[in-house]
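Chain naming follows the written order as A, B, C and D, and within any one chain the residues start at number 1.
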Amino acid sequence: MAGNTWGTLFTVTTFGESHGVGLGAVVDGCPAGIELSHEDIQQALDRRRPGTSRYTTQRQEPDQVEILSGVFEGRTTGTPIGLVIRNQDQRSQDYSAIKQQFRPGHADYTYQQKYGIRDYRGGGRSSARETAMRVAAGAIAAKVLAQKGIHIRAALTQMGAVKAPIQAWSAVNENAFFCANPDAVEPMDALIRELKKQGDSVGARIYVEALGVPVGWGEPVFDRLDADIAKALMSINAAKAVSIGDGFDVVTQRGSEHRDEMMPDGFQSNHAGGVLGGISTGQTVTAEVAFKPTSSISIPGKTVTTDGQPVDIVTKGRHDPCVGIRAVPIVEAMMALVLVDHFLRDRGQNADVQRTEL
Amino acid sequence: MAGNTWGTLFTVTTFGESHGVGLGAVVDGCPAGIELSHEDIQQALDRRRPGTSRYTTQRQEPDQVEILSGVFEGRTTGTPIGLVIRNQDQRSQDYSAIKQQFRPGHADYTYQQKYGIRDYRGGGRSSARETAMRVAAGAIAAKVLAQKGIHIRAALTQMGAVKAPIQAWSAVNENAFFCANPDAVEPMDALIRELKKQGDSVGARIYVEALGVPVGWGEPVFDRLDADIAKALMSINAAKAVSIGDGFDVVTQRGSEHRDEMMPDGFQSNHAGGVLGGISTGQTVTAEVAFKPTSSISIPGKTVTTDGQPVDIVTKGRHDPCVGIRAVPIVEAMMALVLVDHFLRDRGQNADVQRTEL
Amino acid sequence: MAGNTWGTLFTVTTFGESHGVGLGAVVDGCPAGIELSHEDIQQALDRRRPGTSRYTTQRQEPDQVEILSGVFEGRTTGTPIGLVIRNQDQRSQDYSAIKQQFRPGHADYTYQQKYGIRDYRGGGRSSARETAMRVAAGAIAAKVLAQKGIHIRAALTQMGAVKAPIQAWSAVNENAFFCANPDAVEPMDALIRELKKQGDSVGARIYVEALGVPVGWGEPVFDRLDADIAKALMSINAAKAVSIGDGFDVVTQRGSEHRDEMMPDGFQSNHAGGVLGGISTGQTVTAEVAFKPTSSISIPGKTVTTDGQPVDIVTKGRHDPCVGIRAVPIVEAMMALVLVDHFLRDRGQNADVQRTEL
Amino acid sequence: MAGNTWGTLFTVTTFGESHGVGLGAVVDGCPAGIELSHEDIQQALDRRRPGTSRYTTQRQEPDQVEILSGVFEGRTTGTPIGLVIRNQDQRSQDYSAIKQQFRPGHADYTYQQKYGIRDYRGGGRSSARETAMRVAAGAIAAKVLAQKGIHIRAALTQMGAVKAPIQAWSAVNENAFFCANPDAVEPMDALIRELKKQGDSVGARIYVEALGVPVGWGEPVFDRLDADIAKALMSINAAKAVSIGDGFDVVTQRGSEHRDEMMPDGFQSNHAGGVLGGISTGQTVTAEVAFKPTSSISIPGKTVTTDGQPVDIVTKGRHDPCVGIRAVPIVEAMMALVLVDHFLRDRGQNADVQRTEL
């Protein structure tokens, strides 16, 4: 495949540039008969939409999705679901700077070299705007998973030095940072204000978990559930690290501590993060992902022009001081896409197997 | 695909169980005309072979690979390369314990539930023995990459609390831990001896880098180079976390610090780990991966039988106190498989593009 | 993959139903830098557009394609090309009949059984209207191939008993039947008029050839060039048979007659149709495909209702008496999609091979 | 994928050359728990084995298959099944002729050009010997299908001018031609003897049908059941044409004749060959395939050397005067591979759909 398709049975192909005509996706392989409304998708998009808080980019995009196919009388038909969002607020910028220059930390240079041409407007295809379609597709996946009793939730657990360990999941949608920790809201707000003053940005950490995943999903040895989660999360713009369960902490753990003992009433711990041998255990699937600080900042930096001349650059535009914030719904979406695809793959091969979970 | 194949153009399909007849792999899509000898593959296998040091499992497996096809008069022919290793030392164990019990922290339970049947001998398909074929296939990939001037190297940089930052790459093959730090050998040796006494195990961290990767490899938006590296490394047995470049450290970094500035003589730093927007930058590609402590330890643990009864288990057998050690050649192999596949994919789509690296 | 994607490196994913909001496609993996205008695609669509002659369906669809992404300043950027056509004339019909009944010879019954739900309007996804997107994607493929000096052309060579052997390729676009034989136009016209009077339909045969294909394309043993051509052509609505070169005539041929002898100036014949061992020979690639008579006829037929009750059915609507006619541009498009994908695949694996054609 | 893998969920990857060390295959994605013995596969291989009758090549190959993995205690485990056949009789030939010359009608020239190197011994990878592994894999597929009540059978229905319409399926295994028509055996025998005298060869036609296929298999729009059958059959060595149902006869049919009317007791005819809209109808799936006469004949022919010099060539060796004969079990195998993959794919997406066949 050419790189813009996710999945084996439940596939998502996205297209579109930041400042082109629009964005779109094709969701193929969705089971038929799933109730799916425009609102199901729109609500998910509204969560990640730019311009909704002062902490994120001020670009005003209504992100109104249109369902072009695959849904009939409120239910999926098993045929491909075509989705389109038209860009609205894409004409307001002056791109003369980045047309001739490679922004450091961005994909300007790599796209130019790889393809010999690039749509430089707003980063073109490399913009995180593409992730809107992941969220839209993820909303469809979430509907399928909900029928199986599976629920996915993510939260910002760290922004710069400010940590926000999970306290109350109910808090996530009550603050602009998607953090499940009311005490962290004020320090995060202070950090963002400081960053805006400095014209700088900061990284973030997101925790995600999937509740209700049954035992048996994941296709060893390469398409392990955890391997596909790693790829899915690392494929999000600005992601630099991914972990499952205890993650890098396992380096200093002992086997006697890490192994999750089993009792007739179930596993006694979940260091593994719900995956053993690449297959879900029936426990909660847990993962973390780190997002780098965006390079779109107003502190001048050194770079070169497309002609190879040195130049100082200041990235103008309406950018997030912490791109990790808006990544929360995207992380949930990618987790949903991984799970639904493995659900269908496992069912295809093993529908006849009788399973008795702990 | 059914899970046991890696890659899009340069593909590797592995098969085989720990204590079955043997292991094998098919490498398909390898460019023709590459010089390839039995020794090229055997040398790579010998590096990861069990029984070679007192720090790793004492199972005696010569791991003699046989090339069944795809090579003619010392060169690859462009047709699939079939490889087989016959198991030799697989009959010496008593598996009555794990036949009826699920070892905690192992894939016994998940395989049994997923498939309704499992080859319990030595973990069957879930055994790390499968990775021998990854190393064999990786040796072929490395030959292709070497022609392009690309070299991959990995080292153990931490075992438990003992850190081994890269000091001298030349040291890696001079100690049994694959660590590039002579000062760490003695503490690691002490730790292993302590673990053996305790019957316990410990986790590890491996650093890997690819030198000479040109700009332009990686297929956004899903098949980014870093996303595929994340999947490849996470697909290795016992891996729990993967990072690119600065990894989780980016959470606390500022954008002004993280972005790698560019000058006419090249990038001024490499926080990104050689990938921007999912495409290689032409810098060294760097990654890290964490391996959990193996659950095969002699300290008794709680588990259930296949009938759901509680039982204490002690994992007998010849196991590594730190499975991360032998993962070093496997990590190198997976990195090679990722790179060679992206090389061919990029060439397929973009062979006509003129590139001028910094 | 879920069924609506063609190709490995140059991929096409289509979506859309006959009477839904619209149709679309994503072309992924197209080489960057190809000149591509709206007109390039629109012209191809206009050739297959309904309502253009009295021999084909009178549905009035302007089939105006919109390019949503992947093209910048008149050239492809290497990123996915999103295409959409909005349906215009889809509301004029009464579908109460086919809502409750399965039209014989159509996919009503199979879609209903497979998915448990179907968009019955105009056949929904199973309508040949989907092929508009194949033609659009094929136009892009043809641009890539043209750069390599490859030209594809097809013609209707038989309609019912009326044969139209290739006489003059220039005639193809000068008659409404896409036949390369001016003498056949009058008999074909008479046949269509007779069929309209009878309310019946007839089958057709199409010949297609690709000129300028170099030696070396095709990936044995499964993804042979001829195997992929067979799949591509058989995947067109109403196709029932596909042949390469001499096709079914080879059954009665002798080896001494069939083998294409070689001389220093090249092959002495082309019974093979330009493919040996699944790889192009450098000769013209030739194929034929048979299209069944459409089942959308006004002669009453026996069928069952969705409740399993027997009923007589008459298919109303604006249908082609010979669907094979409009298949000519679709056949060309599918041949282009096969060839461009194999071009990229071969280049990916074998770009370093020096070739010297006969 | 690199060309040597068939399928999406149930995949088969083959490797091996005619006169190399051996042949092999990996069957991945096979459902677990299927009873599978060495004999199941060996019996299928024995049917297509060379040296079994005077009508086919006299090469003596026991074709003893070894199962290396994926089967435990007589049942499949859901893990990849590795198969190997070692070549035995491969050293007896003198290949100096074809080393320096391109046999007309063979793949010598195309492999040499594509890869720049070829294993010329016995045709190397392009030899029909590769199909042994298809038969082995097909035997596994057939076991899975048998559990669903599906049975596949094929017969030679024409050799040169000698037609052998299906009379009695029981006859197929009672004559050396795999024909279901006792009356045709004598004329076929005479034709073979004549061909041997002349040193020539002849083409053949094979009919194949799958009984018991339920409604609902096939993934429109590209991966239609009939499209995949077309690809599968055309991917067999020497195949030049494939048809479904009435095949090329549809060209002269009327819609009123071709459409298969439906009654409460089922379809009234089967012109479609059991597929409508790319999805199985629940009727018998029928197809035909044409095989060319082999170019391995002893009548001298014109060709060129690898240096481009003209030369007369006589193909020595132990060749079949009609390669179509031995293709019968291969055709069955490929049909089985297509069906089992579509079974799993359909189940993956649509296991929840309630179906009520006619």
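What we mean here is this: contacts are C-beta pairs under 8 Å (C-beta built on N, C-alpha and C of every residue); 3 or more make two chains touch, one makes a residue touch a chain.
Just so it is clear, the structure is predicted and the values come from calculations on it, not from any experiment.
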Request  = Taking all residue numbers used at the chain A/chain D interface, answer same if over half belong to both copies and different if under half do.
outcome  = same
Ask   = Taking contacts as defined above, which has more of them, A-C or A-B?
value = A-B
Whole-Å separation of chain centres (CA-atom averages), chain A against chain B = 26
Request  = Between chain A and chain D, tell me the centre distance in angstrom, where each centre is the average of that chain's C-alpha atoms.
outcome  = 45
Message = From the mean C-alpha coordinate of chain A to that of chain C, what's the distance rounded to whole Å?
response = 38
Multi-chain contact sites of chain C, meaning residues that touch two or more partners = 1-5, 8-10, 14, 29, 32-33, 78-79, 114-116, 125, 220, 345, 349-350, 353
Remark   = chain B residues touching chain C in their complex are 8-10, 29-33, 78-79, 220, 344-345, 347-353
Ask   = What does chain B use to touch chain D in their complex?
value = 1-5, 7-11, 13-17, 20-24, 26, 28-29, 32-33, 66-70, 72, 75-82, 84, 114-119, 124-125
Message = For a test of understanding, state which residues of chain D touch chain C in their complex under the given definition.
response = 1-6, 8, 14, 102, 104-107, 109-111, 113-116, 125-126, 130, 158-161, 195, 200-205, 215-216, 218-224, 226-235, 237, 239-248, 250-264, 268, 271-273, 276-282, 290-297, 299, 301-304, 308-310, 345-346, 349-350, 353-358
